[in-house]
Amino acid sequence: MSLEYTASEMMSITAARALTNDMTCFVGIGLPSEAANLARLTHAPDITLIYESGTLQTRPDVLPLSIGDGELCESALTTVSVPEMFRYWLQGGHISVGFLGTAQIDRYANLNTTLIGDYRAPKVRLPGGGGAPEIATNAREVFITVKHSKRTFVKDVDFVTTVGFGRDGKAREQVPNIGRGPTVVITDLCILKPEPGTNELVVTALHPNVTREQVIEATGWEIRFAEALATTPEPTSNELEVLRDLKARTHAHHAGQ
Amino acid sequence: MSLEYTASEMMSITAARALTNDMTCFVGIGLPSEAANLARLTHAPDITLIYESGTLQTRPDVLPLSIGDGELCESALTTVSVPEMFRYWLQGGHISVGFLGTAQIDRYANLNTTLIGDYRAPKVRLPGGGGAPEIATNAREVFITVKHSKRTFVKDVDFVTTVGFGRDGKAREQVPNIGRGPTVVITDLCILKPEPGTNELVVTALHPNVTREQVIEATGWEIRFAEALATTPEPTSNELEVLRDLKARTHAHHAGQ
Amino acid sequence: MADFLSLQEAVSTHINHGDTVAMEGFTHLIPFAAGHEIIRQEIRDLTLIRMTPDLIYDQMIGAGCAKKLIFSWGGNPGVGSLHRLRDAVEKGWPNSIEILEHSHAAMACAYEAGAAGLPLAVLRGYIGSDLPKVNEQIKFIECPFTGERLAAVPSVRPDVTVIHAQRADRKGNVLIEGIVGIQKEVVLAAKRSIVTVEEIVDDLNAGVNACVLPSWAITAIAEAPKGASPSYALGYYERDNAFYQQWDGIARDRETFQTWLQENVFNKGAA
Amino acid sequence: MADFLSLQEAVSTHINHGDTVAMEGFTHLIPFAAGHEIIRQEIRDLTLIRMTPDLIYDQMIGAGCAKKLIFSWGGNPGVGSLHRLRDAVEKGWPNSIEILEHSHAAMACAYEAGAAGLPLAVLRGYIGSDLPKVNEQIKFIECPFTGERLAAVPSVRPDVTVIHAQRADRKGNVLIEGIVGIQKEVVLAAKRSIVTVEEIVDDLNAGVNACVLPSWAITAIAEAPKGASPSYALGYYERDNAFYQQWDGIARDRETFQTWLQENVFNKGAA
């Protein structure tokens, strides 16, 4: 018997499942943070979560609104300076997974969080790179989670803030001392992975009750589907319960004061 | 009426007097440490003493045997890592005076603490550079204290571990972002300073009852004397008392266990 | 040694029109009280440096203090856009501002290099990114040992740094605890520095390896209780996340913003 | 996660003949117990790295473990020479060793760069010094922004690092307090690491910004009470300065040294 759940919940739960107990995860704010903490509160209790504010191995009880909420520091093993975080822990090679969100993503998993339009005369100015440009190359692999829409999934990003596999899918070739790059993209419709050889994103699994047409409709390029197209397992009641509790706690906390 | 004192005491007390209350002094172990703490315990109670082990603004009760005795840490304002000490505090420009000892010094105040003889077949292997090479250029000025002897005061050092003014007296010219270099050398016989223009060390003051001949005899080059040759003031009874107490406490402490 | 000044004196003495100013605090310990004082004193043509401009620079930019912004992530954390920043960049209101943008890693390294007295920072960064195409300060060097291509950025050396911290002792030594961010680096990298503190105490009660800035490394200290609010000071008060969410509505509209500014900044004196 | 091993197992599992080994501790927390275990296991041909070789490397060099030494200050602090080091360098006893020497600033930066995953460190160093003439690893680069000539040295990336620390919790997280030296950097710079600790406890009782190495950044932990003696562990025991002074007499003579080694190292098992 099926449970009721939203597409957003499906996305967060699927993203959480991509994480395992032995990972050291550099967590982006927003959707990645929600997924990473859900993983920690369900199947991966010992996962190491790291936020760019310097909080090593943190275990927040509510989701932080910012990357540096007090909760992150108080529940961390220790808190280091920001230069140390980027130099020793990220660039030093201690991060197994960088978990990122984005505003735009293209077929080679390049991310744009800088702007829409032209750099010197932007239509929409976005926040910018933050930690992502170096997370994407210094973490051993990268997971991305983002809502699926034609505005977000574009053939070519307006600006490569953060490299996936470059404009031609080959940007990582022959660059020494960097990670594998994006290995999975989790949306509210499906799971995408870079195709071996071309590094173009293809759909490898559809979420329950999602059709190919929905994905095609929400993607800005001629999206392809893996031959062995899987169906993502539904959320369990425990996953849903833990996620809803977490979000309710978080909402109450931030509305608090 | 004159007090009884040794030449070593005269040296330490004179070296201590070179320091003032507002200085931030990067302290070498041995004679510089003795002089710096004597200054702190007499006329310069607020002088900031920094040791390369990372102890910022330390106030040891006994002289440390090593550069990293526990006493230095326990009495410090805070203790930072060694990379931070050398990068932020020394290279970052926060040290007004570097206070060094040496095994050999030449007429241009170059210091040798590496070896006597040839590098690949040394007659005597000395400890090496330690912190001195960068203290000498990153501190705003450098004080040197060392016992006067022909073995120590040589015309040209066997090896320039730490630059004074180079082999020709001109090594600091046109090098950006470095300090003034050695401004005073204090020995058990006299005070020497680099001559403006040539940067050759000349005697500017003799300690009480020391003759020119004694200095000439103890110096490995044709030492010159300033026209206005001064006589160093004698130690005061307070200086002698504080120094002797400090040394007695120190001796008892290290022989302790 | 640091001078103890009122916030008003500290700002008027040490921050001039046209200065390059870094006001830091990584989400934590953001010096809002000092930012408001700069707005009240109508200081102009500042080059503002901050990894995350946050509400503090949104307010200062909206108030017309800035001519240039150097940053690496310009959003309202967890909420959305900084509307005053966007209005200045996209529409030139109240004045157009030049922007120069980096990644966090590069800015963190640039502050670190500034504190270390170096002219440049070297990092494994910007690989495959378009940022070097729009920021000519980003260069690449070759490692003389391995031949690896590495990014280089100029170090940050502001005229003035302003940070907030938990407390100072009566000699002017300052303790920073919790998310220390780049508070230490940005003070050491600057020519002058102002530190606002929650309180001045007899004893810092600092651990042996605590993040303590000695008095002689600071120019001025001003007591400013709740001086980081709506950001926070660990051990004193929490981040006002509700206000960060409300800011989206306040800042979206020029008039609402100006009313807020009048009521909450101009009509209030320095603490 | 770190494995909890006996000191004997930790050394035999993780340190091999011919390895490049860094055993650090800036006067404080020098891993003497581990050094003695390496001597007992008669591991040979090591390239030893340490800013200050100190008695620990004097003993290991005298025992014949080393073929090369990378260092920046090779004396007995406050006492005089390291006679076993000098005997190896000057007379080739018990075997000749190659030396490569730096300044402290360069080695500290090289460890920092190793921890930061970079191939090189850049510093304002070695100006006017003859050291670059005898150490071909010291190079100079030009800053692409200012044209300033700066020194560059390769980062340190040892095969194995060994340090001593105050305590570990039962998950293997390690607290280091006091003179932290380059303990954090040398662990993070290495391929493998062994940390000996005074004790294993339920709770580290660490401050919020304490120097803590997470378990997943360490290879092996071995309990070794008094494992830093005659160096010291802040909060546990003091530096045995009298022994440092006595060492001058012990180490001056080959036979006295060998007798000391037999009685105090070989005839004693691992803790």
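The first chain written gets the first letter, and so on, giving A, B, C and D; residue counts start at 1 in each chain.
By our rule, a contact is a pair of C-beta atoms (placed from the backbone, for glycine too) under 8 Å apart; a residue touches a chain by one contact, two chains touch by 3 or more.
None of these values were measured; they are calculated from a predicted model.
In summary, the chains found to touch both chain B and chain D are C. The greater number of contacting C-beta pairs, out of the two interfaces A-D and A-C, is seen for A-C. Note on chain placement: the centre of chain A and the centre of chain B lie 57 Å apart, centres being C-alpha means. Once the centre of each chain is set as its mean CA position, chain C and chain D turn out to be 39 Å apart. Rounded to whole angstrom, the centroid-to-centroid distance between chain A and chain C, based on C-alpha atoms, equals 28 Å. The set of chain D residues that touch two or more partner chains comprises 117-118, 123-124, 148, 178, 180, 184-185, 208-211, 234. In chain A, the residues that reach two or more other chains under the touch definition are 73-74, 79-80, 87, 91, 138, 177.
Contacting chain pairs (ordered by label): A-C, A-D, B-C, B-D, C-D.
Interface residues of chain C facing chain D in the complex, by the touch rule stated above, are 117-120, 122-124, 137, 139, 141, 143-146, 148, 150, 152, 154, 177-178, 180, 207-211, 234. Residue ranges of chain D in contact with chain B, taken from their complex: 26-28, 51-52, 71-75, 77-79, 81-82, 85-86, 89-90, 101-106, 108-109, 111-112, 123-131, 134, 148, 178-182, 184-185, 211, 232, 234, 238-245. Residues 115-118, 173, 184-185, 188, 206, 208-212, 214, 216-217 of chain C touch chain B in their complex.
Looking at the complex, you find that chain A touches chain C at residues 29-30, 52-55, 64-70, 72-74, 79-83, 85-87, 90-91, 110, 114, 119, 122, 124-134, 136-138, 159-163, 166, 171-172, 175-178, 253-257.
Partner chain C is touched in their complex by these residues of chain B: 24, 48, 56-57, 73-74, 76-80, 87-88, 91-94, 138, 177.
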